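Two complexes come next, and they have one chain in common, chain A, joined by chain B in the first and chain C in the second.
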Partner chain A sequence: MRLLVSLVCALPLAAFAQDAKKEIEKYQQMLGEGSPAELWEVQGEELWKKPQGPKKASLERCDLGLGPGKVAGAYARLPRYFKDTDKVQDLESRLVSCMTELQGRSPKEATQRVFGNADRPAEMEYLVAYIVGQSRGHKMAVPNSHPKERAAYELGKKVFFYRAGTWDFSCASCHGETDKRIRMQDLPVLSEREGAQKAYTTWPAYRVSNSQLKTMQWRINDCYRQMRYPEPEFASEATIALTHFMAVTANGAPYRGPGTKR
Partner chain B sequence: MRVLTFALALAAPLALAEPSARHVEEIHVRDFHTKGIVKREAVAQDGILRICTITNDRPPAALAQVLEADQLKTIPFPAGSLMGDWKRGENIAQSGRGMTWTDPAGTPNGGSCYNCHQLAAKEISFGTLGPTLLAFGKKRGSGADVQKYVYGKIYNAKAYNACSQMPRLGWSGTLTEQQIRDLVAYLLDPASPVNQ
Partner chain C sequence: MSGPMKMRATLAAGYTDVRVLMTHPMTTAQSNQPLHFIQSVTVKQNGRTVVEAQISQAVSRNPVFTFRLKGGAKGDKIEVSWLDNKGESNKIEASVA
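Moving on, here comes the complex of A and B:
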């Protein structure tokens, strides 16, 4: 009898949870259809072509890995090793290199405001939106053959599973098991192909809760904030390695960003 | 001694391409900085997290026992009843605020319990990273032993499961003694919505 009562009580709740999940999926689908990210892409292209810095140069000769000025498909092949800097770089750190080399800006000036807000987005966010938009539909093909790329991948994997911070978390604490969620939010397993392909390919993204386009460096930064860690340095070796590990894991899937998120 | 030798052997890199555990920690300490209330030191590992990371959260049983006994010593169990006020406990379980670098110092922290656990049946927005705690007290009663276990588990979960993913909420300074007592009541009090 008691079992029956609890079954009867549990059923409408389970149905309600299912409905809520369906509503969220519908909302996400709606968000994916027309994206405010396109406005960022247009402004980013203008900034890409605008002469700036002491050298009064634009970024149009910037080499994102496919040769100077080649933007189409470049993001689907990042992070990668760059010979001129002798480093594995993600999109954002590569943009900083181009700002300093081509435009003559100091690294300090180029990185002083990399995360904007709804009232005043950052130059970096506009540029990132433009460049990643030029990889939409391109298959992820992030190289992992240069020794420094392989080292970044191995380090990134270690960073993913490293446990520390005020609350003892690693990335895997939340993104390590399938079909888990925080409150109602589903959590992709980013260390495995299926999860990485599903999630990595939708970032950077326009985030409705921030009314703004957010970059991958920001995504990682805000994860660490919520993990109760201290703050990672912008475009540090640890964050680039982590990005490289997730990007290589997502290889083979078409890049779908910049998407729209809750 | 055997435990120590084992831990040292594990600390060695498994393949040449893999960076050593020590190197990975050094990179973290170098690449993170203090912001707001969160100090850079928090990115370094203590002994237990170092072993959990190296063993993929599966330390050998003998080592786990030693680690758990060590963690148990960190828990200052208050004397007498550990049951606080379940109504206050509910607010603490619901709140996910506190301890991030954007939280001002001195604001009360939440326990973030619902982020990972199901508790009261009426709350359908719950996470699934931790086990369900639905009817926790109804199943176990609210005797002194159960109270003590729940208080200890919230204060330092690693005293009961060395590589538990649950934060050490008392040990880390997240929750106060009174807040943990209120959570004990939220889980165990027969009047609490958790047990309805």
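Moving on, here comes the complex of A and C:
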């Protein structure tokens, strides 16, 4: 009798899980078809071309890795090593370098408000939306051959699996097992190719629930908040390394962002 | 000042698919801020009004509208405009592709 009851219970549950997954995918597809992220792209392009700072210069000569002013496809090849700063930089930290070098702004001023809110998004969020949108359809090809790039990859991997904080969590605590989800969001295994290709390529993203475009730096920052860690510094070596590790793992897949999330 | 709008109009079999994005706070009565929301949306096809819609606070911030217009031809001018309760407005025009 007990066996029968458990059988009867197990079957509809499995079917429900399948249906739920399909419905979630359908919902995400509908969200993606008309994404307000495009409005951020439009405003980001305006800011990219707008003369600002003491030098009254725009960011149009900014070198995102493919040469000054080359934006198309640049994000699909970031983070990478930059000779002028002698560092591995992600998009956000590279933008700060361009703001200080080209526009003459202080690093403090350039980073004083990197995460905005629904009423007033941040300059960084607009710029990021524009730049990543210019890599839509480009295959992820993040370089990992320079010694500093390889070091960042190894550090990022270590950070990903490093357990700490009041809950003894690591990134892998949530993103280390297949077929897990929180509410409507799948939790991809970001340390493996399939999961990284599926998820990394849809960030940064517009979040419908709070009407904001969220950058990768924000995504990592908020993961640490959820894990009850101290807040990481904006564009710190550790967050860039973690981004580099995930980006390299996602190599080969077409970039599909900026994405749209629930 | 109103933020940008974006629109795409494409011809399909016997109808025109329109998708339009608007930047608007769409503040509701439930927030502590003053009410601020789009009240009417007008769609014109080659200058002729084809849709006059009244919308409410129930619509999300930065709304996306997609709809189909009967018929249409490549090059038709589609214009979408909105007017909010403060009298602010914005519009965008695109050709059917």
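The criterion applied here is as follows: the second predicted complex is superposed on the first by the 237 of 262 C-alpha atoms of A that agree within 3 Å, B and C clash if a C-alpha of one lies under 4 Å from a C-alpha of the other, contacts with A are read in each partner's own complex, and residues count from 1 in each chain.
Just so we're on the same page, a contact is a pair of C-beta atoms (placed from the backbone, for glycine too) under 8 Å apart; a residue touches a chain by one contact, two chains touch by 3 or more.
As the structure is a computational prediction, the values presented were derived from the model and not from experiment.
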*Overlaying the two complexes on chain A, which is it for chain B and chain C: clash or fit?*
fit
*In the superposed arrangement, does A:C174 touch chain B (first), chain C (second), both or neither?*
first
*In the superposed arrangement, which partner chain does A:E192 touch: chain B (first), chain C (second), both, or neither?*
neither
*Could you tell me if A:A118 is touching chain B, chain C, both of them or neither one (first, second, both, neither)?*
second
*chain C, chain A and chain B - angle at the middle CA centre, rounded to the nearest 10 degrees*: 120
*More residues of chain A in touch with chain C or with chain B?*
B
*Name the contact category of A:F161: first (chain B only), second (chain C only), both, or neither.*
first
*Looking at the overlay, what does A:E109 touch: chain B (first), chain C (second), both, or neither?*
neither
*Per-pair minimum CA distance [chain C against chain B, superposed on A] in Å*: 20
*Once bound in the complex, which stretches of chain A touch chain B?*
9-10, 13, 16-17, 20, 150-151, 154-155, 158-159, 161-170, 173-174, 177, 179-184, 187, 224-226, 228-233, 236-239
*Within their complex, state which residues of chain A touch chain C.*
33-36, 38-39, 42-43, 118-119, 208, 211
*Residues of chain C defined as touching chain A within the complex*: 3-6, 19, 21-23, 25, 60-62, 64-66
_Sites on chain B touched by chain A in the complex_ = 17-19, 21, 24-25, 27-28, 30-35, 38-40, 42-45, 49, 52-53, 56, 99-102, 114-116, 121, 124-129, 158, 165, 167-168, 172, 174
